[in-house]
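Below is one structure. I have some questions about it.
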Amino acid sequence: ARMGDPSSDAGSSAVLSAFKTFQLELDSKHDKYERLVKLSRDITIESKRTIFLLHRVTSVPNVEEVLVESEAKLDAVRLKIRLIAEELRGEDLFQFHRAFTPGIQEYVEAVSFQHFIRNRSLITLEEVNSRLVFCREEPPNTKDAAAGQQGAPGGALSFQVSPTDYLLGVADLTGELMRMCISSVGNGDVDTPFQLGQFLREIHDGFAYIGNTGPYEVSKKLHTLRQSLAKVEDACYALRVRGSEIPRHMLADVFCSRAAVLDPDDAVA
Amino acid sequence: ARMGDPSSDAGSSAVLSAFKTFQLELDSKHDKYERLVKLSRDITIESKRTIFLLHRVTSVPNVEEVLVESEAKLDAVRLKIRLIAEELRGEDLFQFHRAFTPGIQEYVEAVSFQHFIRNRSLITLEEVNSRLVFCREEPPNTKDAAAGQQGAPGGALSFQVSPTDYLLGVADLTGELMRMCISSVGNGDVDTPFQLGQFLREIHDGFAYIGNTGPYEVSKKLHTLRQSLAKVEDACYALRVRGSEIPRHMLADVFCSRAAVLDPDDAVA
Amino acid sequence: MSVTDMFSNIQGFLSADQDIREDIRKVVQVLEQTAREILTVLQSVHQPSGFKDIPSKCRRARELFCTVRNHIGDLKTKFPADQYYRFHEHWRFVLQRVTFLAAFVVYLESETLVIREEVAKILGIEVDREKGFHLDIEDYLAGVLIMASELSRLAVNSVTSGDYSRPLRISSFINELDSGFRLLNLKNDPLRKRYDGLKYDVKKIEEVVYDLSIRGLTKDPETGGDK
Amino acid sequence: MSVTDMFSNIQGFLSADQDIREDIRKVVQVLEQTAREILTVLQSVHQPSGFKDIPSKCRRARELFCTVRNHIGDLKTKFPADQYYRFHEHWRFVLQRVTFLAAFVVYLESETLVIREEVAKILGIEVDREKGFHLDIEDYLAGVLIMASELSRLAVNSVTSGDYSRPLRISSFINELDSGFRLLNLKNDPLRKRYDGLKYDVKKIEEVVYDLSIRGLTKDPETGGDK
Amino acid sequence: MSVTDMFSNIQGFLSADQDIREDIRKVVQVLEQTAREILTVLQSVHQPSGFKDIPSKCRRARELFCTVRNHIGDLKTKFPADQYYRFHEHWRFVLQRVTFLAAFVVYLESETLVIREEVAKILGIEVDREKGFHLDIEDYLAGVLIMASELSRLAVNSVTSGDYSRPLRISSFINELDSGFRLLNLKNDPLRKRYDGLKYDVKKIEEVVYDLSIRGLTKDPETGGDK
Amino acid sequence: MSVTDMFSNIQGFLSADQDIREDIRKVVQVLEQTAREILTVLQSVHQPSGFKDIPSKCRRARELFCTVRNHIGDLKTKFPADQYYRFHEHWRFVLQRVTFLAAFVVYLESETLVIREEVAKILGIEVDREKGFHLDIEDYLAGVLIMASELSRLAVNSVTSGDYSRPLRISSFINELDSGFRLLNLKNDPLRKRYDGLKYDVKKIEEVVYDLSIRGLTKDPETGGDK
Amino acid sequence: MSVTDMFSNIQGFLSADQDIREDIRKVVQVLEQTAREILTVLQSVHQPSGFKDIPSKCRRARELFCTVRNHIGDLKTKFPADQYYRFHEHWRFVLQRVTFLAAFVVYLESETLVIREEVAKILGIEVDREKGFHLDIEDYLAGVLIMASELSRLAVNSVTSGDYSRPLRISSFINELDSGFRLLNLKNDPLRKRYDGLKYDVKKIEEVVYDLSIRGLTKDPETGGDK
Amino acid sequence: MSVTDMFSNIQGFLSADQDIREDIRKVVQVLEQTAREILTVLQSVHQPSGFKDIPSKCRRARELFCTVRNHIGDLKTKFPADQYYRFHEHWRFVLQRVTFLAAFVVYLESETLVIREEVAKILGIEVDREKGFHLDIEDYLAGVLIMASELSRLAVNSVTSGDYSRPLRISSFINELDSGFRLLNLKNDPLRKRYDGLKYDVKKIEEVVYDLSIRGLTKDPETGGDK
């Protein structure tokens, strides 16, 4: 049962053949890990692009169009997450967690940003996860038979975002909210900044409540979060202060649309 | 007497003309500083080259030749130090200390290395400084008249190495001593390593005595110094241990010269 | 070739490299000096009096760009043409500065965004790496972003000088720039950080426009038309 | 669900997680204490006197492995069985230590490389992840590498104790191990770093063998050697 | 001389040096305390009430400068006169602070830039190095830059106190200062870094002037202004 | 005594020490949890809606301070009374936090600076070290400085919520605090660094007051007169 | 009490504290000086000549410990007895140094491990915290570990000086020490790090013994038998 | 060209750069794999059995260098030829490794120092930067230094295998190499650090030669040697 036994003639090959099986095991693990890293990278890139796209809502007339387009992009991302879920079938999810956590966090950031734009509220972890349940019936370009074999009997394939990844994604979301706030102010949109201020304060208070009881990565992001909040509060403040100067009768005109601000002919009714 | 006085018409030019004189003062200071930095760099390079040259003593038959060559190199370095002394005539030496300290330290390292090879002892600060007194009579390629004007009446021009620069140079010397020790062992020279060990221990004890009462830069070098000492002590140890195996009757032959070790015909008498 | 000869050769190579870097540093230093002079010329547009003779300031700056071209011409001779990236860090910073200055001059002259080709021409360098000493995209973009920040300051000072229409023109220019940058997929690199600063410039300019519009100052005082 | 509720939920999760980690830490601490005791038993083989009764030391170590098994049994109860890798970092270090100790005992007993299955048995754990608390392949290999380093020390001390043949056997054992590891495609991970250390162990042992052979001490003592 | 003797000698030198530094540190500490007191006196000009009696505050500060002169007189006795730069770092910071305070007092009194000679006189020191304890040009300039930053704050608080003309005067003063500094060839040293901060002060003051002008508050109050 | 016996003894000492630290850590953890709860209650004053019922929030915070007192009471029992400074680092951070919270509550209630005696009373501890578990001066000051930063945020958010008079009151409070701190001779320690932050808070609030006054918003809206 | 009065009070407290620290620092400085003198005396045992008169060196060191006791006696008067841990950091380092020196003297005299009680006696301090200025366990252990490293150097230099039996005795002493430390449950603190260094000392000494034994130098030269 | 079009273009450039780096990384990875295989082949020369068929091992290594050439050929296609230094860091490490392997093969075959031209030929690359993908001097020298360390190990193992003449030849080879490096004026860069290591290799080999000579084993075995 032992290797390297000098009494056996094939002793040398015992150790070497053991290491050959180790090699196989290590390689297959590494390969899976690498595949997951690649998927994670793709997810990160696509999520970042979605966020970029979503920032356009502050400058285009048709918000719904942007939301529809972002939904299509996020669908593509979810197909990638499905591939992760397939890789993890039967595995201990945490064994490969480090491989895909950056992508998942970025997805949470993107999907929660979209959710905020649509609903002005924070998407819950349950809502995030509910979009990551994949039916067996619709595998993209795969042979139904093979997929069926892999699937749990009668069950759907699903991916569970961990609370920590959710938290980290939401922490990054606050940076995007800050950027959106600054853009909104620039574009003369006065409602969004105040909504963002309120919302960001709630998230900030939530993180303050968790404090340093969460994992280290969360605490690390608290500083940036606080800076984002300060920028948004400053922006709201600036809007209020400047708004105080508007003659009452002009108010409607000034804020009726972005065009009003830019078109000098309409500026004074 | 004040600038920017709004009552005066030429107020604007008062500030600007003041700043023009500031510019002249700053520029001349910076220029002097830069000239000193360049001199220091030249000194560093030439001193390093001298040290490189001196390391050859462990591998060439004629040590004196190397010493003579190194002396010529150090003379050239001293001419550069003379130029520094000239730049500093009438100045506060410490105002420009940072500009030339690297070069001076490297010179101390080189000259003390040479001194050790020749005398197997530590050059003193006084000895270092005594070589840096420059007679007015022999300025290299300068008009005698001009030099005469600058010189102190009847006095010689001199440069004083500060105790700290001396210390820092000696601290670096220990690294070179360690390298020399390793090379000596490699070349079958058994006396030098023991002399080096003794000498390095004395320097080490000296630095230990000064401890952290010196400037920060000195304390910083203590660790490297201790490592160098350990390497030399290990080398002496190795020599002793190996030497213990030599049959008594062989001793003379083995250590009579480096050639003996390398030439297989002479190895066994 | 003996080992000794070979190592002597090698030492030659190493020394040459150090000399090159020293030479480059010297040229870069005088280039920085010239860049500061151009900046001083252009800075005066922020002064109330400065608004009057922008054209003459631009002419003066254009003259100084001759010196820039000479220095850069000098710089090119200091290292083998195909080792641009080996020494890039040495001139990167100053190249971004002069790009900013070129972009600022062009904006002041024509209120348009200078294209990379034109910056290259002003600096006497190339756009295509293959053709010689060139202007890297990242450096061009960095220069443009520095200008954006200068324009937000200009918008503020225009108002002080009583020019109420310039901020509106700056605003639409900067907005266009911002849209352009949004198209880029910037990594978390220095450029991204600079770009994040652009949003504050946009915001500042919009606040000026806002201040003007609530006071009815956005109309052209004389003729009511666009400039 | 309000933002506050959401964060309360998560806080609940985090607290539970922390409690689990606290429990694990406690068990790991006593496990480390036992590991240190086994080490103390085995360390004495480096002493000149220690060479005489290696078997009795191994027996004593085997007894202490009972305690190890109990502690690990305790550890298993502290977290959900299918979340091994979530808490892996907590016991990774100590698991590598006890693997080393098991491998060392087996080497001392039989001069063979312990296989993963046997380590698992000694520790009372599994080899396959699916079957329960198991021994990760990287942790097994790390433990083996720690032993290699201990063996290079043993080679040195064997000579001191006058045993000149053991270093030769250790040398061939370590060489075989080295060949085995060279088959593996190690990434830039901790294991790779540890494996880089193996080179020093190999070199050290080679030098011991060198010292013996230059003195003619490598010959078999029975058949006409020097000693 | 033995190695031990050599090191004893040097140790003697080092101890003496440390004693000097200790003495200097003590005087510098009380000097800093006085500087803080002067600052407290002058800080009150930022308060709405403070604008009324600037002259009396300046007088009070002038009195405290007597103490400063005494402390500096004390400081001079602590080290050999010709080794100013050897210990420069110890008092550099506080000398810049008191220069700032002197410059601020002079500005408040006369709205002019204090010249170096006058700062030296206020502090009881020299301008020329040869004549004794002197004010380094870099330290003088650093003190002036600290004042610039204080003036940008003063511009803001002037508006709060209803004084709309002071920001305009500060603006033109600071602009002149900025032009002056742009003449200097600053290296990448601390002064350069401080000067980079001046840009923010300039910008801040420009924004105050902007706020005033867009509201028509920059007109002379006597001749038909808003107020 | 044999070496082994001696080390066994020592292990006894070390274990006892580690147990104390473990106990302290546990109490500190729950104390931090309570502190975070109080913070959550008080944070809501930054919300527009939060301004309405500051008194009720303060009452709620006061209730939670009961829990704080209980936890600290518990903490005192965990270590010998005369070893406060041996374990100081463990509770230093949380003590500064709860001091900040106490100071903030008192400010919200009465717009005054809480004195150390009162903080001690709120936390159920002593002021004098000799009398028992006490509040170190440095920790008290650190807590006060954290509050200053919170107040600058409050000034900003007050304006957003339409309360234009609160920033003026905060401004004069912070100015008084600043003068107080200027009396202190702080070393280059963490406290000094925190105090440097106060300058930014002062400036920030001054800018808020500036923004209000240039728009004439500092006047009392009802009566139209100056305050 | 006004804010100003309160801060004046506080300044009083802070000054007193700073004065204490200043006093402590001064005594610690002279204590360090004496420690360095003892070190210089003891360092000479590494010289080939030094081996001859170890006893006289130890006597000289013992004399200098009188001075140490005086300085520490002085130190005790500088702060309230029950605030040992408040100022611990100031003397911690030097206390570990003199503990090392005491341990080294005792080793050189008797080749035994000094116990904490004896160190305390040599230094004129207590073992029990309750009784006065004492020697903390961690500081005692740190001092012992510094000595271990010095002994590994001594083993090397003994061989160089031709003393082949001392390394064997050092080896068994260090092994015993190592076993002792293995009984301790050290946290990831500075002591743990130092202890990790002990492993290298053990290995280093083993290699010295190895070098001696492979050359047959471990045998007693006079009698020719095994020891 | 509109601003939008221009920025779209730019985005294209940026993406291309990232793709290039990704491609390079992939090729470098397989190149490292091949390098490890060659190393495994050559390592066996350290084994006693390995000495017999060095030529066949070298032939096998030479075959594998075909694969190296293919991979490097592949690498060249991944980026524009004149941007070598832009991406240098990506392949620097592996290029030093394969240079070492080439130098080692050549040494084993002919006991000469491979010149840069020959390494370049073995790797299928250029010596002159102008001609294409080339071998930088620093990388060549680094590779040679890695080989020196391998040779010191080979000297030790030669003795173990009973080959007493090889260490002498290695010794004179390494001495020549050392003299060569002494001609270089190395800065304090990575190369200098590696070169410092060479001294230890020299020392190690000299110790082997020394061991052999005091035993009279340095004579040619055929003509009257001991063995």
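For clarity, chains are labelled A, B, C, D, E, F, G and H in written order, and residue numbers in each chain start from 1.
As a working rule, contacts are C-beta pairs under 8 Å (C-beta built on N, C-alpha and C of every residue); 3 or more make two chains touch, one makes a residue touch a chain.
Because the structure is predicted, anything quoted here is derived from the model rather than measured.
Taken together, subunit B and subunit F share the touching chains E, G.
In this assembly, the chain whose C-alpha centre lies farthest from subunit A is B. Contact tally for B-H versus A-D: the pair with more C-beta pairs in contact is A-D.
Comparing the contact residues of subunit C and subunit H by number shows a mostly shared set, over half of all numbers used being common to the two copies. Computed centre separation for the pair subunit A/subunit G is 56 angstrom, with centres defined by C-alpha atoms. Rounded to whole angstrom, the centroid-to-centroid distance between subunit D and subunit E, based on C-alpha atoms, equals 65 Å.
With each centre defined as the average position of its C-alpha atoms, the distance from subunit B to subunit E rounds to 41 Å. Chain geometry summary: the mean Cα position of subunit E and that of subunit F are 34 Å apart. Listed for subunit E are residues 179, 185, each touching two or more other chains. Counting only residues that touch two or more partner chains, subunit A has 205, 209-210, 213, 245. Taken together, the chains touch in the following pairs: A-C, A-D, A-F, B-E, B-G, B-H, C-E, C-H, D-G, D-H, E-F, F-G. Interface of subunit E with subunit C (complex): residues 175, 179, 182, 185, 203, 206-207, 209-210, 213-214, 218.
On the subunit B side of its complex with subunit E, the touching residues are 1-6, 11-12, 15-16, 18-20, 22-23, 25-27, 29-30, 92-95, 97, 121-122, 124-125, 163, 166-167, 199, 202-203, 205-207, 209-210, 213-214. Against subunit G, the residues of subunit D that register as touching in their complex are 29, 32-33, 36, 39-40, 43, 46-47, 153, 156-157, 159-160, 162, 208, 211-212, 215, 217.
Listing the residues of subunit C that touch subunit H in their complex gives 1, 3-4, 6-8, 10-11, 13-15, 80, 82-83, 85-86, 88, 113, 115-116, 129-130, 137, 141, 176-177, 179-181, 183-187. Touching subunit H in their complex are the following residues of subunit B: 45, 48-49, 52, 55-56, 59, 179, 182-183, 185-188, 235, 238, 242, 245-247, 250, 254, 261-262, 264-265, 267-268.
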